[in-house]
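The same subunit A turns up in both complexes below, where it pairs with subunit B and then with subunit C.
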Partner chain A sequence: MSSLVGFLSLVFAIGINFYLFLSRYIFKFQKQKFNLFIRFSSLLTLLSFFSLMYAYVVSDFSNYNVFQNSHSNKPLIYKISGTWGNHEGSMLLWLCILSIFSFFFSFTKNIEDNFQKLTLIIQAFLHILFGLFIVFTSNPFLVNSILVNEGLGLNPILQDPGLAVHPPILYAGYVGYSIVFSIAIAGLFQNTDDEWIYVAKKWSLISWTFLTGGIALGSYWAYYELGWGGWWFWDPVENISLMPWIAGLALVHSLMMVRGEQAIKKWIVFLSILCFSLSVFGTFLVRSGILTSVHSFAADASRGIFILLIFFIVTGFGFLVFLLKEPKKSNALNLLFINKVSALVINNILMIIATLTILLGTIYPIIIEVLYNKRISVGGPYFNSTVIPIMIPGFLLMSIAPILSWQTNKINNSKKYVLAFFILSVLVILQSFFLDFNTWGFVGLLLGFWIILASIIAIFSSYKIKINIKFFKIINPHVAHIGVGIAIIGITCSSVFQNELDFNLNEGDKFNVNGKTVLFEKIETTNEINFQSLRGKFLFDIEKNQSKEIEAGKNYYPVSKMITSEAGILHQWNKDIYFILGDQKNNEWFVKVLINPFVSFIWLGVIIMIYSGLIAVSRR
Partner chain B sequence: MNRIFILTPLIILLIICIFSLVYLLSGKDPNKPPSALLNKDVPIFESSSLYNAKDIIKTKDIKNKKTLINFFASWCSPCKIEHPLFFEIRKKYPELYLLGFNHKDPTSDAKKYLKDDGNPYDFVGVDSDGLIALEFGVFGLPETYLINEDGKIIYKFMGPITMDILKNEIEPLL
Partner chain C sequence: MSLRFQRLLLILLTLVIILSAVLLILYNTRENVSYFYTPSEIDKSDIIINKIIRIGGFVENNSFNKISSSSFKFKITDEKASILVTFKGILPDLFREGQGAVIEGAFVDKNIFNATNVFAKHDENYMPASIKEDLKDTGYWNKKYK
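So, the complex of A and B:
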């Protein structure tokens, strides 16, 4: 029953959008009525999504999708997250978020009616494309042809609280760029004044903030669930999310900086189209099954071709409009040796090069396989040695960019900065001289600390310190950059100074980690609702009274016959001690211990970035 | 000049779409990477027996007979899953020469494994440093190769073989 409601409301929503799309040419609507229809179709899409969720919650196995991906033994939260833990459901979520963005956009005030209408019509067009994709190739409301009373289960690796919220947040970021795309295209068509830029700014900030949160959640999940001890693997799916993130970062900065320069406006339109194109491209790569990873649920050529077509139409349409309707008036850029505009231009160029570099690395294996029928993989070594060096000058520039002037080459208080940089360099050199030296470690620490220091100096020397909301809004760019600096320190330390220890242990053995004695207490197996768990129990620092217990092990999910590894992590502010329980051999357990210094700084930095994203959204 | 700059994204888009389309239409399965060795001669190898170091097997020893080569190890749990199937192949096709390569495994573990689970192979070659696997282009264990009488690799499978794969993909070639 709920499946029927879901399917009908989905089809009805697509129908309304089709009607709205035609309304541009055939029927003419009043603004009020038009907005009403948009909201109604959004609610219908939402209803469709919630009926699927309902089918999951009540374990309605007469729905084929639920039967394939759920199990009545699962805890409620994973029944709910199971809704988007599969290809069909996640595409419905995609569409649902698209509708939500249209819904809220229809409430935007202070913009021209025709412009708003055109934006929403483009959104309706996207809704139709993806809606048809769902109905024809990925229908989550198919009826199960056999009578069953149990489902097949959800991929156990996805049964995790972090991952339950990761897809919706990430999608909110991806799909949020659809509205930025629509705004930019509508802006091109109407070619009115610049008000669309202020509208686009807000929405691109919202999308970027969501995308940041989504990527961070996925990364954190990989860190504690995959049990490899790292948090970023340059996996194709990670790259796919990183591309719109970097392009979106360039977009946000351009939007902040634009002061009527035509060249930058053109650039903004380009970036807006690019961001959404990259999002759709990412959806294509993951959903077509071209890439295999935990994210690809099913490989089906017809789906791939359909979504490739959507990608082609959307991106081709966007760039074609850009080609034909480019803003005409040219207004020279005020480029000086070092002022805000030139810093912005340099940073944007770097970010685009980085995006293209990642794009090349991601699609290169596909091209090679088509041409030479050979499978190659492009991984960490390529990206580390290309993307990071490209970004470094950008990071350097970032530290001083907010205090640069618009009109002149002068930097206020430049002496202070030179002195601070000099002292900092000496300190970092001393650090690397007395502790272990590593080129990347040196560069990363210097950069990270320098960004933080320069931002703090800028805050203290440029503004009067007050504790009120307005002040926090003013210093927000600096705060965001401090967040980046903190994250760089975390990234550098945890990757360069990571320490790995291997042990073969019997139960009851004591071993030494980082000068502390650890007791391998025992191995315990228990039966949970939907899995069996095997845990090695470790007592960390047994010489102290408050020794900490760490559990590392594996879960076995009988329904899907899968084993997942569960790392045991002891979080301390300055390091994570990461336990991985390996296999048993001759009654000895293989235990790997990783010491990851300053990992928490990465998450702290990301939280600061998200915070400043939120502040920037609220700033007008 | 300006036009060319604006056209670039469209050109890139076209290139990406064409390659992706060709890739999708070619029906490639990302789980089955193409093997550069398919329909090529077996790589030259030389390995000693697990049970008797003096007993050596070389490439030319498997000429003129159909051979199934399987890379396995005692530490590889998927290998355990496919293991019983080799007894079935053994029974059904006594003519077929079953050659197992024990990959990066201590000898004692390998012997214990074959003692506990049985030894279906005609010959168990030792590949302790993984060099033979490297020659064959092994991605991960287990991996299975079928060699015809002319010494050409005619089939390759990554991962544990199953009844379905045995029935539908391997048996037609035997």
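So, the complex of A and C:
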């Protein structure tokens, strides 16, 4: 029953959008009525999504999708999040978020009616494309043709709190670019003044903030979930999310900087189209199964072709409009050797090159396979040694860019910066001299600390310190850059200075980690709701009274006959101690201990970036 | 510096950045790309010792051998040829005989491949054996399921 409701409301919503799309040419609408229709179609799409969720929650196995991906003894949270733990449901979530964005956009005030209407019509067009994709190739409301009273269960790897938050937030980031795309295209068509730029700024900041959060959550999930290769693996699926992120970052910066220059306006439109194209392209690559990835999802060629078609329509249409129409009114670009505008131009060039480098590395295997029929894999080393060097000049620029002037070449207080940089270099050299030296470690630490230091100097020397909201808004760009600096330090330390220890242990053995004695207490097995757990219990630092307990082990899921590993992590502010329980032979267990210094800095840096994204959105 | 000269400098800088990016990419596609083979594609006479490659196939049935709690021996096969693999470390959770796996590493001599990384495939379309039988009996069987 709920499946029927869901399917009908899905189709009905597509119908409404089709009607709205035609309204540009045939039926003319009042603004009020038009917006009501948009909101109604959004609510229908939401209804459709919640019907599917309802089917999951009550374990309605007459729905084929629920039967395939759910099981009645799952905890409630995985029944709910299982809704998008499969291809069909996740595409419905995608559509749902698309219509939510349209819903909120219809409430935007202070913009011209025709411009708003046209933006929403383009959104309606996208809704139709993705809606038809769901109905024809990935319908989550198919009826199960055999009578069953139990489902096949959700892949145990996905049974994790990460599934509840990571996909919706990541999708909000991806799909958020649809509205930026629509705004840019509508801006070109209507040729309004610079109004659309201010609207686009807000929405692209929202999308970028969501995307940052989504990627970080995924990264954190991968970090504590074993066998997914740590917090970053340069896996195709990860690269795909990084590309719109970097392009979106370039977009946000350009939007912040634009002061009516023709060239930058054009560039903004280009970036807006690029961001959404990359999002759709990413969906295509993940869903078609063309790429081999450790996060390999189900592959079905027909879906791939359909999404590829959507990709060509969206990208082709977008870039065609871009080539034919031009923003009117212009100021020439005020480029000097080093002023704000030229810093912005260099920053954008670097980001686009970085995006292209990642794109090339990601699709290179496909190109080689088509051309030479050889299969290759491009792994972490390629990306590390191309993307990072390309980004380094950008990071250097970042430390001073916010205080550069618009008109002249001068930097205020330049002596302070030179002195600070000199002292910092000496300190980092000393540090790397006394601890183990590593080129990447040296560069990373210097960059990270320099960005933080330069931003702090800029804050203190350029503004009067006040504690009020306005002040936090003014220093926001510096705060965002401090976040990046902190993240760079975390990334550098955790990847360069990671330490790995291997032990073969019996229960009751004591061993030494980082100067602290650890006791391997015992192995314990228990029965949970839908899995059996096996845990190795460790007591960290037993010499102290307050020793910490760490559990690392495996879960066995009888429904799917699968095992998942669960790492035990002891979080400290300056390092994570990461326990992995391996295999055993004759009661001797293999235990791997990783010491990851300053991992917490990565998450702290990301949180600061998200914070400044939010502050910037709230800015008027 | 005149305005014109400053702009020229900026454009030159841009070109230098682009050029160095291209060089970096070209150099790294030669150095940091590993080739992917199936066991039958590997020609015994062509093996380069210590060159990092990837091999994909299935873990051969009855070939898995636990030497200690952290070192393993098994064979990767594509039903035409098979390769003996040694691995030290922790195997992925989905690793088992008869299942697909990709290994990364290098040949230490003509017959033994030393894996540094083992990847097992995971997929949302897996199926418990009992239900698989039911579905086959009712004829409701999709070839997608393995």
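FYI, the second predicted complex is superposed on the first by the 606 of 620 C-alpha atoms of A that agree within 3 Å, B and C clash if a C-alpha of one lies under 4 Å from a C-alpha of the other, contacts with A are read in each partner's own complex, and residues count from 1 in each chain.
Operating definition for what follows: a residue touches a chain if its C-beta (ideal position, glycine included) is under 8 Å from a C-beta of that chain, and two chains touch if they have at least 3 such contacts.
Values in this document were obtained by computation on a predicted structure and should not be read as measured data.
**Student:** Should the superposition on subunit A be reported as showing a clash between subunit B and subunit C, or a fit?
**Tutor:** Here the two partners, once superposed via subunit A, clash with each other.
**Student:** Of subunit B and subunit C, which one touches more residues of subunit A?
**Tutor:** C
**Student:** Is A:M562 in contact with subunit B, with subunit C, with both, or with neither (first, second, both, neither)?
**Tutor:** A:M562 sits against subunit C, while subunit B stays out of touch.
**Student:** Have a look at where A:A184 lands relative to subunit B and subunit C in the superposition and call it first, second, both or neither.
**Tutor:** Once the two structures are laid over each other on A, A:A184 reaches no partner at all.
**Student:** By the touch definition at the top of the document, which applies to A:K374: first (subunit B), second (subunit C), both, or neither?
**Tutor:** In the superposition, A:K374 touches subunit B and subunit C alike.
**Student:** Of the two partner chains, subunit B (first) and subunit C (second), which one does A:D583 touch, if any: first, second, both, or neither?
**Tutor:** A:D583: touches subunit B and subunit C.
**Student:** For A:I305, select first, second, both or neither according to whether it touches subunit B, subunit C, the two together, or no partner.
**Tutor:** first
**Student:** Going by the contact rule set out at the top, does A:F284 touch subunit B (first), subunit C (second), both, or neither?
**Tutor:** first
**Student:** Using the touch definition from the top, say if A:L126 reaches subunit B (first), subunit C (second), both or neither.
**Tutor:** Neither partner.
**Student:** After lining up the shared chain so the two structures overlap, which partner does A:S385 touch, if you call subunit B first and subunit C second: first, second, both or neither?
**Tutor:** Once the two structures are laid over each other on A, A:S385 reaches subunit C alone.
**Student:** Could you say whether A:G316 touches subunit B, subunit C, both of them, or neither, answering first, second, both or neither?
**Tutor:** The first partner, subunit B, only.
**Student:** Given 2-10, 20-28, 56-64 or 74-82, which part of subunit B has C-alpha atoms clashing with subunit C after the fit on chain A?
**Tutor:** Clashes with subunit C appear only in stretch 74-82.
**Student:** Both subunit B and subunit C contact which residues of subunit A?
**Tutor:** Shared contact residues on subunit A (touching subunit B in one complex, subunit C in the other): 292, 296, 374-375, 583, 585.
**Student:** Taking the touch rule as given, give the residues of subunit A at its contact with subunit B in the complex, in rising order.
**Tutor:** So the residues of subunit A touching subunit B come out as 270, 273-274, 277, 281, 284, 288-292, 296, 299, 301, 304-305, 308, 311-312, 315-316, 319-320, 322-323, 326, 363, 366-367, 369-370, 373-375, 583, 585.
**Student:** If you look only at subunit A, which of its residues touch subunit C in the complex?
**Tutor:** Counting only subunit A, the residues touching subunit C are 68-69, 85-87, 145-146, 152-153, 155, 157-158, 226-227, 292, 294, 296-298, 300, 335-337, 342, 345-346, 349-350, 353, 357, 360, 364, 374-379, 381-382, 385-386, 389-390, 393, 409, 502, 504, 554, 559-565, 580, 582-585, 588-590, 592.
**Student:** Which bits of subunit B are touching subunit A when the two form their complex?
**Tutor:** 3, 6-7, 9-10, 13, 16-17, 19-31, 33-34, 36, 75, 109
**Student:** Can you list the residues on subunit C that touch subunit A in the complex?
**Tutor:** Against subunit A, the touching part of subunit C is residues 1, 3, 6-7, 9-10, 13-14, 17-18, 20-21, 24-25, 28-29, 31-37, 54, 66, 68-70, 72, 89-94, 102, 104, 119, 121-129, 131, 135, 138, 140, 144.
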